[in-house]
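Below are structures written as structure tokens.
Below are two complexes that have chain A in common, paired first with chain B and then with chain C.
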Partner chain A sequence: MSLMQLDRRNFLKSVAMATATAAAHETFAATTNDVSLPQLDPKVTDPPAIDGVVWDKAPCRFCGTGCHVMVGVKNNRVVAVTGDRHAAVNKGLLCVKGYHVGSILYGQGRLTQPLLKTDTGYKAISWEEAIKVIAKRIIKRPKTFAIYGSGQWTIPEGYACQKFIKGGLANNHIDPNARLCMASAVTGFIGTYGVDEPAGCYDDLDAANVIITWGNNPAEMHPVLFSRFIDRRSRGEKVTLIDIGTRRTRTTEQADHYLCFNPHSDLAIANGIMQQLIENDTFDKKFVEQHCNFRYQVDPKKPGLKGAPSTFEAFKKAVAEYTPERVEEISGVPADKIRMLGKLFGRRDIRITSLWCMGMNQHSAGTMINNLVHSVHLLSGHFGRPGDAPTSLTGQPSACGTAREVGTLAHALPGGRLVKLKAHRQHCEDIWNLPRGRMNPKPGYHTVKMWEAFCTPTDQPGGDIDTIWVQVTNPGQTLPNLHKLFDPKANLKDKFLIVSDVYPTATTQLADLILPAALWVEKNGMFGNSERRTQQWFRQVTPPGQARDDCWQVIAVARAMFDMGHEGMRDKDGKFIFETKDDQGSEVPIWEWENYYGKVNVDEALFEEYRKFTRLKHKDLAPYSEYVKAHGLRWPVVQQPDGSWRETGFRFSGFDDPYVGKDASGKPKEFDFYHSTTKDGRAQIWHYPYLDPPEMPDATYPFWLCTGRVLEHWHSGTMTRRVPQLARAVPRAYVEINPDDAKAAGIAQGSPVKIESRRGSIVLPARINGRGQPPRGSIFVPFFDETKLINNVTLDVTCPISKEPDYKKCAVSIMPVSTSKG
Partner chain B sequence: MSEKPDKFSRRDFLRGKILSRFVDVSTRSLQAKGEQIANVAAQYAAPDHLTEPAQQTQRQSGSGTFPVIRVPGAIQESKFLAQCTRCGDCITACPHHAIVLAPPSFRQAAGSPMINASQQPCLMCENFPCIATCPEGVLQPIDKGLKYKIADARILDYNCLNGTGRAAEQCSICIEQCPELGAIVLDNGMPSVVNDKCTGCGICHYACPAPTNAIAMMPLLQRPVTLTVGNIPHDS
Partner chain C sequence: MPISGLILTLSSNSEAAQTALDKCHADPQVQVGEFVGPRRCPITLDTNNPEEDKVSWQRLQDDPGIDFVDVVCVYFDEDEKAEDSTVQVPASHSGTMALAD
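So, the complex of A and B:
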């Protein structure tokens, strides 16, 4: 309330601040012809001085956009949050979740002490006891233990888990929920460029003339990025938005063209564009000749990550059948619209950026559609110039930074290395100072397999996971086909589920040991967002009760095992694998909580060690201290002759990427795919045919079910549903139904509908003509509501390469439920 | 608070000042002087700010009645105050706990039944148990074919997420949640309330996710007010 006591000077300052930051309070922003934003005085402090409030930066806790917020703290409590106008990502803007991000710390029911399940319920135990329980359990059966994390792990947290399990236990059963989220994007990037993560960045959105959203709804899921290009229209620029999707969304409302396709037929659309480019002879011959190879799957039903070499002639022949008329037949998109896309991509005078997220990743042919969209851009030469980019967006704040870069996946090692390659394992063993040969060459279980093994009795074949430690995610709500992959745990007495979380969730309901965790600015952290931007923040308030950092929890367990004599927790000199020294060179016992935030910054120590891994794939990171100063830096971050650090916006492009090779004259080449799978500096253009998905609507289950998110809630809603403003805005899940389907089935607005698949059923209220409008034959359900688990219904079939499940399509029936029964 | 306990002018009233003081704590930062734009994007009050009925202002001077959002069917205010015995039957009857006692700061109205949509909006039950149970007749049923109106919703553009002139946020929560078809419409990107259709139930105010609530609930100065039903097309 001291806000009201502002003096005139501060008042003017804050007016200036509000102009740039608080979108909610802008009454005079760019609606007139004078479209430039009000000029800000760079000397103005941002945000405003308020009595006793200390401000510091942090990336938003929610999605993968990576907006920066300023967090205001008073008396060890977050009291205000504002968009950070100095941040390049969001320039002060936030979405509705971002405005309320501070409230996630103070929701109802924070877990504040370790809880152990007993026959009579949960018993509060001390941290010492909890750590001992876990350490003993792992020592007893180290090979059947698994860690399940997420893209919400901070970089040091993921790195510590990675080192603990792969380096310490010689066990590779670690996977993040990112497997359910962006695994197909990873395999798409690797299959095409030989190395993961987008070549472009958000700057593309400022330069593109055409933006194509592939099964993507950034208006709701990445609103700050969406506004970044939609706002350009209000500045008088022409930005054409083409929405290729399976239902009308808020993105569609702003789109110039809406192409509604039958689920899964995006494969045919991408092929159709390439057919047009060849038929019209408008593909970029020079780009293809100089920078591309052709690739195909020998047997499309048994695809591999790298496929087999092909030729232009074979490619031409393969895509020839995808004429606009044939594509219309498969996809339902009018042939003229396919021709329109073909023409657009054939133009050299415009820049085209493709965006996608879960629509292309949670796809039973996820790797293939990712490869095909990259191929469309490569074939047409719409690549590598600002505005010409195929860019995947991520849904989690550090899916890129932690899951992908630290490689907390069952098959991966830090910095793009692979478990199965001896040289890569040895590199890890050397950096970690482990005896050569300790690390296990066999990849661990990916998510679906891990939970399948956990839900199979231990004495039966395929039941060889008996303990899972879940951190920073909620598989009890987000795994597909929960009746198969999660619920059976309830009746398996010898399985042990450890859950570190901040609130009770669908997952803690079956937990044997619950550990209270610190959240967001209650701990130091680092995230890596969708555009390769690594961000850092400091702890700003202390966690409630006995809640402690996830990273500390892992280190404490490792130390307990070290003390119990476990060899894996020692390096080859007999020292603790997480040994951390202070400036004077003496070891700090960071496994004791009192010392965790003391003489050393554990995050910094872990990050500096991890940094050594990042050079191999040219994902170079700067020292920790650089990230403290910056609002994130996009890798590769390379040191300049003057000692400063330079980030890279456009990878593989000679004008920006320092790792692009030089031509004969000594100048950087225009493009260089220096991690090419064919080792010739070229990217791969793929052909892959359209094949039917594994489950399609039939007479019994005549509808397509698609699941997803809403703007107001994030992921499984454990945080956003505890923010009153967000929970009230969208209190419960619902099912979006086409009005004609509703009429035909006798379903009224708001009335209960039973949705049933071969795997399970759920009852939800109908929403007709809401913000999302599915076409006839399709329904949509958001997955945020833990009281209405749509994943009881979804299918657990995965992409054969990425192992990512398809949450976007399965066959269901819908039926009105009579309300008279109650 | 530096706010002076001055008299409420008509202008203040129209700017929602009365509400911000007495009904909705979350809009307290609304000031007639224009300081509202100095507000930071989101201010987090103590966690109980949503359950505390109203700020205690403890003013001694002044008398007379001022507008309160009453229960559906409430008769003219002075009669209501005179005849309501504060028996609490309507509070007990409300299945949604939407009816609360007016806090002491409401002077003569203190202890009388009212609706605080910040806590729980009126869901306009089909059979209105509050009215049916009222022994004193201060809640009066109306003719069939009419609808109760208990307040007017008013969009505060400068707080609305859509009021930025930019598309960072395209919010439609008030429209989505409004139970009266057509009572809130989108007008050039901004939500706007159609008074002839708004029943004043307060659901929009309750659901608004803006950092500073963008919907003020204006009590009715004269009662009863009813709306006609019938010209609203219902799809079923």
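So, the complex of A and C:
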């Protein structure tokens, strides 16, 4: 190493130390009101001045936490990443994935040119040809075309797809991967409050006395949020952590109480807490009387989103059977622990925040367990004050911003509108300047149904999807029961799969047309995180080869169809539905790539149009220019008399939410659920009984299988497995087995194990007493590894309301696999 | 190789925390900064190759005297070439990625 290189490394180390020290002080001061920051080296600026490096902000590309990073670029390449100290979400901190987020752009094997499948393999084609192939295919059969995306779409990307499918093609066949991870949270919020997304925010984590993780492992899946809790404890604050889960995790290591429950029995636990609140007469009578109604499902086996009205007396009677002893019998959680939870929720002098993510959402009763956890908070009055919150987290960076708010779900329209409601369709037709009646009142196919239709022969009933365009996700790895919902495509020659992605994936394996996509800071973008925070960034480097923005791809296809005469691509004045004008009022041909980053900012144009949709459900967004200046803003963002824009931390709470109604004296009410399903300003407290799940262990398949994630890999590993440090840390999937089960089955550490269900099988190495530790009778397998597809084994049963599959439990057998060759 | 700035949150078990800190001081790849509050300690990590980086990171993560590792910044070596992908093409679906002539 030369002297110059050594000097440079020493300089970078001094910068790294100064930055880490400053971030540590930043979090410490933020939570102690200690503003006496130490004197830092004045040469270290924020972000640090490093020779030739240009810095700009962006949200992290990975999970739904929405950490802000500063991206350092030199010579059109990302060379540095720091946590953004000015960002309220992460206060300068990142997790191990954020640590390597810059590297995801530079893994080997980036897709750099359109590839069309031929009889002899894939042939490189021009973008012009690729666009024509897609446009012709859609024009030929517009009603059997579908788009499948995810919460990795930026807000403008999702909005463009939404407009293309629902305003242009009017077939409504668009759904995101969010159906596989967040749909039950959506229906849970709507069934309880009448409108989607959490009322609280991350500030709750700084104020709560008790944090309860329900089937949630934030220490590994949302580490920066977990770090807030760790930081408070490290300063001597008493914060109680209660981990309610089906296996021990790194979150459990920090927990004061670990309640290990039998899969699916969280329904009984929630009912048990409510039984205790009533039996002890410690529920919050004032809150309930003033702000709540009661609801139930007339037929629990055929539940509906809104259920039927009930009464307190009926509710009391319904939960009465969930005594601590009865809950112990169902769940395996000791009765004393249920009493402990009941007592905690019965206290008025503490603040309680519940967190959950896939553990409650990927559940065959996902909507119902979401409803019940909200109900526990409502019945106990632990709601709406900082630290008192039932809060779902998201796994994808814009699951909220794009999938839920833009509404890229088969039944939804932008801004919380619904396909089935005529008035909502007419709002869209007005904003999009479409002829009245253009839009289709029939919801499109949700994810499982869409892929089932795609994998059914066209000439058979139910085979009425013949072309799917996948963007920003990897269903060939993440759909449940892949042998049913993905693999049949290989033998269905009239089905056509288009995949836009940055790397080859399990999905491109069966693609007929592969389109190279730009990634993260290779394009402009906007995300919406788990706490309703909308974030914006600009393109900072150019994508490799011919990789291009997903949004451009959709607009280019729409324009090709317009040029071919497709009426759906015209508005009622005959103009292109994505017409975009420059400041002088001249149309810019943004469908030509050379103009896409030219005279106009397409993201800004799309966002400003989308923003018109956001008022109906009080999810107001500020102008694009405000997000350029900010580190994200939490909606509703409302303009103040002085012209500034104010975000909202706590929805439905009179002290913060400007849409809360006023009382007789003209002051804001303490709480107001202004989108109540009962139209009386009240939230709904639900009763729903514990019912056995659709598949349970038996003599043939005696183990529960739970699937999930690991700290080092994000989602299906497409990006993180190409970061050498992350890939080497956890190179392959494995199966976590309880040591007693392993011993009983003759399975040794690291030895191959065959896991088999009614749907398929897989062989994985055993991991015993590792990072995650399942109880006896239960195994866990992460799904990040595309060479070991655990979703060949999982079950495709969904929650009857949200249509979200249950990846957290199905019945399997395990057996050692002999490795001897004799 | 990357140079990174990290924050360690040491365990409330003072004996385990001291042991972890001693190990950090003894590690030439780790530079230990000044404590912020009773248990938060900024460090830098400077390694020679990806394997060392992985080993060091994993050791910190798994150390019983360290409750949590936050990342603050990472600087890549500008000359670093993209490394070989460790990703193998899956064999579970029947398609192929072979390019036609």
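Some points to look at:
To be clear about the criterion, the second predicted complex is superposed on the first by the 775 of 822 C-alpha atoms of A that agree within 3 Å, B and C clash if a C-alpha of one lies under 4 Å from a C-alpha of the other, contacts with A are read in each partner's own complex, and residues count from 1 in each chain.
Just so it is clear, a residue touches a chain if its C-beta (ideal position, glycine included) is under 8 Å from a C-beta of that chain, and two chains touch if they have at least 3 such contacts.
This one's a predicted model, so the numbers in the text were calculated from it and none came from an experiment.
Legend: residue contacts after superposition of the two complexes on their common chain; A:Val224 is shown touching both chain B and chain C. In the superposition on chain A, contact is made by A:Leu789 with chain C only, not with chain B.
Touched residues of chain A were counted for both chain B and chain C, and C has more of them. In the superposition on chain A, A:Gly770 contacts chain B only, with no contact to chain C.
Once the two complexes are overlaid on the shared chain, A:Ala80 sits against chain B and chain C alike. In the overlay built on the shared chain, the residue A:Arg61 is in contact with neither chain B nor chain C. When the two complexes are overlaid on their common chain A, residue A:Gln749 makes contact with chain B while staying clear of chain C.
Within the superposed three-chain model, A:Arg759 lies out of touch with both chain B and chain C [touch as defined at top]. By the touch criterion defined above, A:Ala490 lies against chain C but remains apart from chain B after alignment on the C-alpha atoms of chain A. Comparing the two interfaces of chain A, the one with chain B and the one with chain C have residues 15, 21, 23-25, 27-28, 50, 72, 78-83, 93-96, 99-100, 102-103, 106, 219, 223-224, 226-227, 230-231, 234, 254, 724-725, 728-729 in common. Contact residues on chain A toward chain B in their complex (touch as defined above): 1, 3-6, 11, 14-15, 18, 21-31, 47-48, 50, 72, 78-83, 93-96, 99-100, 102-103, 106, 219, 223-224, 226-227, 230-231, 234, 250, 253-254, 711-712, 724-726, 728-730, 739, 748-749, 768, 770-771.
Interface residues of chain B, counted against chain A in their complex, comprise 1-3, 28-29, 31, 35-44, 47, 50, 157-161, 163-173, 176-177, 206-212, 214, 235-236. Within the complex formed with chain C, the chain A residues making contact are 9, 12-13, 15-17, 19-21, 23-25, 27-28, 50, 72, 74-75, 77-83, 92-96, 98-100, 102-103, 106-109, 115, 118, 120-124, 219, 223-224, 226-227, 230-231, 233-236, 254, 476, 482, 486-487, 490-491, 503-504, 506, 508-511, 717, 721-722, 724-725, 727-729, 731, 786-787, 789, 792. For chain C in complex with chain A, the touching residues are 2-7, 9-10, 12, 31, 33-34, 36-44, 46, 50-51, 53-54, 57-58, 61, 67-76, 78, 82-101.
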